[in-house]
């Protein structure tokens, strides 16, 4: 039973890892641009699919990770530069545009990759069966946690230790003043959106390797992402870490002890937090 | 004089349009009638969303949940437990009101984009519950075999009868909403949309007015849900899934959220588009997505804004938009 | 590296209200002050120069280059520093980060670096890691000036720098401005506090309802009590 | 402004009405409505169905009984409300003569419910809800395919009786089709002497990480196998994680009929070779009918058929042959249905199929299969045993069977003791014949 | 009416211990340099900001912890430095909203607002008072800035307050537009108490019965206009202690 508990915690951490990669991109874009990117789920799916095609063609998983991430970053860049910037500042048009994009992406993906569930083959050297303290747990999941921690640290470093990060935070505080001081805030907007897209593209490849990709996955992923950032507080990196950890464990233990209601369960902390603190655990008042 | 003339013309137009609608089952095919029934029940849902978006400036993504809740209640009470009309229907509306009050009390503490996200989350909670609860709501399968009641010996299983009943309810719904929009409550809602801060300073209970608007909108969604469920005979979690919610929002924006008739026009176009597209192409989601992008970027006021800007001599909004872009760039 | 800002017949709107209704102004060397009562468009004038409120018509030339309608960051990049009204520091950034964020070397030998700013304002050096908004009013103003300074501008636009400051702090601020001028930086000052303007400016412009109605050497204006009464009510 | 809007609305309505006046074509054609999930979560099955049906139609050159066959495809995204709406559209606007398609059990029941009084034959293809041909049966339904329990009863009985297994841990998707599959399995397993089928349900499509469910499987309580009672994306996830967590070494994995179906099995790790399941098809059938079908299918679509595509092929052929039998005169719908039930389907690719005259359901072969690896390292389902002539009631007396409640998430119970004792006896015995004989 | 009010924002004391007592019917002006805390004090009284310490009372009722709405119901009306109007509604609708405020009209769901003749009449009267009668059916967004400022005052009087607080009513007005507003404010009923923040000294001297001067968040001086004009301390904050000498020597 001890083993079971440990595995459940490890599962929760794995879930948290993928949740964090998902949520961080969304929360980053929201923090600076106040854009709720509802095509986040579709980006995830597409990133995963592109990764799948790369693995299928080359057998090179790390290449797929990079390709999936970069292609979504490129898509994000194009979308931001050609459409999103035209409606900047309008909640409704921004939201609607991202919805529309997600419909198109999901449908085009269905046309290209079909409706069968696909999964990226992780090469054996990345997925050894690791046994620690008598618990056998897939090595890829440790890798996943590692990648997630790496991303979290990188984001923290970028945001809090670089000039770029300072510019981003200053832009969140007062975008007008920061631009009057010589910072090209529009370029930073694009950059943040691209970074957000890159992260979700990577999440797609990771998720497609650890789970699977199939039509309809986009809305599920979008819902998870929204719950993560609402719970943690929109725009807060720390909040995303904490809420990913909470939701990961909740989902893991929920599946073990009340599998029928596991999905419903993840909404419970969100509902409680919303009723008490509408801005989320670590969010700022908007 | 000209005012009288205008009123007369409006009256004539109204009577002719009304007449055409009432006589529809006599000159149009059954499927056309069925489609109009769909327009009516989705129209209720669109009015619900449109009232919140257009009149009160609140983008709510929970309305389909109320739509579904009403359907589930009549399914549970009517089809499964044999409760007669109108009790099950009244209880359904009451249930919608209770849920709207609960959600409203929480959601109205927030504004704008946070409100949008919270209502989105509420909608998802309802969907997740409906999908996962197998003991009461039968999960995925939902509830089947819901039939419209026979009232005064009229069989509402007949498409034309059901259509007339729906049309009557819809006309009443439109009338009430019209009165509401012109009432001091409607004006207060507009005031809140424009400037909640000033409304508070004038002494209006902004929070409660918003809650009341949310309740009224929920009733409209609920009525739509009743009609829809009677029409299809089943209620399932897919009725309240996210894509449906988004679809409804599209209808409202397509028609023009700030216009009274906007949601209705949008629904009519969208439902018909759905019918035509699903026949013509398997990729209709892409087509709808592209239309959506087009509307948001170039026709943000919706279909009804076309005639407005033509009348103002501003040209077709699409070209105006492009032109403005060129100039500023 | 000499400053030359020429504003001609500038019109700008704030929403629907026509705030600048034909504004003319020239800054060459030294310090120019724009005076006027509240709501006369002084702040909007600075915002228009910075590109934050793009003018509807009229021209802004900076070193013989048209900058009307440019993006704010480009204008800043051309060597105009900005100290906004009310300081507008970034709550999320520490003092150090404020200075590092806007620091631009421009290849100058005697560039203003964060270190030089600390030398100028030793009180900031002690509070490097503190959030900018947790400083006192005077320190906040120092930081706002320092933040503009490290962009190494030739001209700094100062919007009501004395606002909300204690007399001692105002004195300190005035001293600082004198030092900046010695370092060859021109100043365009918007003030309500006549004494700050008097202590700093060489030329004075008066703005009434968005129109420059008066221009002269500072002394001429300050000595003329009748004019002061007419335009400023003091 | 208002007047303008009103006018717009009016013009708009007029246009709509004009555009939709119903026109019936004069030339003689038979219209077949085809509702399935071509987009959304189940789109994979919808696609396979379409491929199978199109193959049958092309072989018949889109004619039957001398008439042209037109198929109208409608996508319902597996949304039951949409399914009914689309059925309505097909009936009322397109005036179809026959309705087919239908992937899921609930979809079948919903559409079936609507079609009840429409006097139009309904030929469900993959929808396996047993009630369609049992408790909710009406004479216009002809199902030449299967019910959820049909193959699973055979499978459960075999595991208990032949392999001697006593305890199974079943994890399934929480909706009606797995209920029926699980129900069939339990009946067969208990009848064969099984002692427990511990059942856990999880939500469909939204659970992506099953590892916690897997970690909760007790490895020390003597379970002989874990039955994964789900399909599609969930199955791929489950199986993958089951393998990765090293569970395969502890407890063998078995599946319901669709768990290891092609093409999903191709996304699963090769470690699962040997995992058992039962279905009405097997990928290595070597009968001439199957080989012919497989080759034609491969030629037309570039990949191998699955059960879903074979069922669609066979159902479409049933429709065409039924029309042939009536020589194209389909005005008498009950006669058409009767003709269909009399169609000779002994040459069906998956083996001979006959129709039960009372409930219009299929009597056919069940194959017990294991996952194997072919020479190209692709996984497939290799036949082990064949049981012939299995009907939807299995070995039970139909009246007795119908007296039992329908299968749900909580019925049948997990142990035989809480079970109707008469259900533990059978009217007939299955004959397990080695595959290929 | 307000005693020892304090408010600080992140370490900056915007208002520290300000006392203000305005008798019924008086017209009081608040002046002081930018950042002296005038608007903050204003927002404390109207309830847009919460009080850190101190007590506010109007017409004998303690309103320190009352909501904005409750204060409005007690008869407190205000205008804003930056117009807070309902831009996409007509001027008439704007005035009606203010006229109907606090009269329980907000939950009359079905009766058209136009049917409330008394309120309409009152709204029209207010429109006349702020000289907007000919613009009633225009959308506010189509009105000029000057007319919007007049409507801003119109909204405040339409809610029949007993105390009106005007926050820089002349902000952004051209000199030609100012007299209209000044006469309009002067023409208000004497039963209404008035508190006004304004920088336009001409207007202040013209309108106010008494003037309160704020500096650094506290009251520096208070008196009738003539007293204030000659008050040495007030001159100091305009002329300053440090630079007065310098200026004198210039």
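Every chain is named by a letter (A, B, C, D and E) in the order it is written, and numbering of its residues begins at 1.
Simple rule for what comes next: a residue touches a chain if its C-beta (ideal position, glycine included) is under 8 Å from a C-beta of that chain, and two chains touch if they have at least 3 such contacts.
From a predicted model like this one, the values you see are computed outputs, not experimental measurements.
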Chain-contact steps, minimal, separating chain E from chain D: 2
Those chains which touch chain B and also touch chain A: D
Pair of chains joined by the greatest number of C-beta pairs in contact: B-D
For chain A paired with chain E, centre-to-centre distance based on mean C-alpha positions, whole Å: 49
Geometric centre distance via CA averages, chain E-chain B, whole Å: 42
Chain centre separation in whole Å, for chain C relative to chain B (CA means): 53
Centre-to-centre distance between chain D and chain A (centres being mean Cα positions), rounded to whole Å: 36
Set of chain A residues in contact with two or more other chains: 107, 260, 263
Residues of chain C engaged with two or more neighbouring chains: 91
Where chain B touches two or more other chains at once, by residue number: 128, 131-132, 134, 241, 285
Sites on chain B touched by chain A in the complex: 53, 59, 106, 109-114, 116-118, 120-121, 124-125, 128-129, 131-132, 134, 241-243, 246, 249-250, 253, 283, 285-286, 288-290, 292-293, 296-297, 300, 325
Sites on chain D touched by chain B in the complex: 1-10, 12-14, 16-17, 20-22, 38-39, 72-75, 77-82, 84-86, 88-89, 92-93, 105-106, 109-110, 113-114, 174-176, 201, 203-204, 206, 408-409
Chain B partner contacts - residues on chain E that touch it in the complex: 46, 48, 67-69, 71-73, 77-78, 80, 84-89, 93, 96-98, 100-102, 105-114, 116, 155, 159
Residue ranges of chain A touching chain D (in the complex, touch as defined): 4, 7-8, 11-12, 14-15, 107, 110, 114-119, 127, 129, 136-138, 140-141, 207, 210-212, 214-217, 220, 251-257, 259-260, 262-263
Chain E-touching residues of chain B, taken from the complex the two chains share: 176, 179-180, 182-188, 190-191, 194-195, 197-206, 209, 212, 216
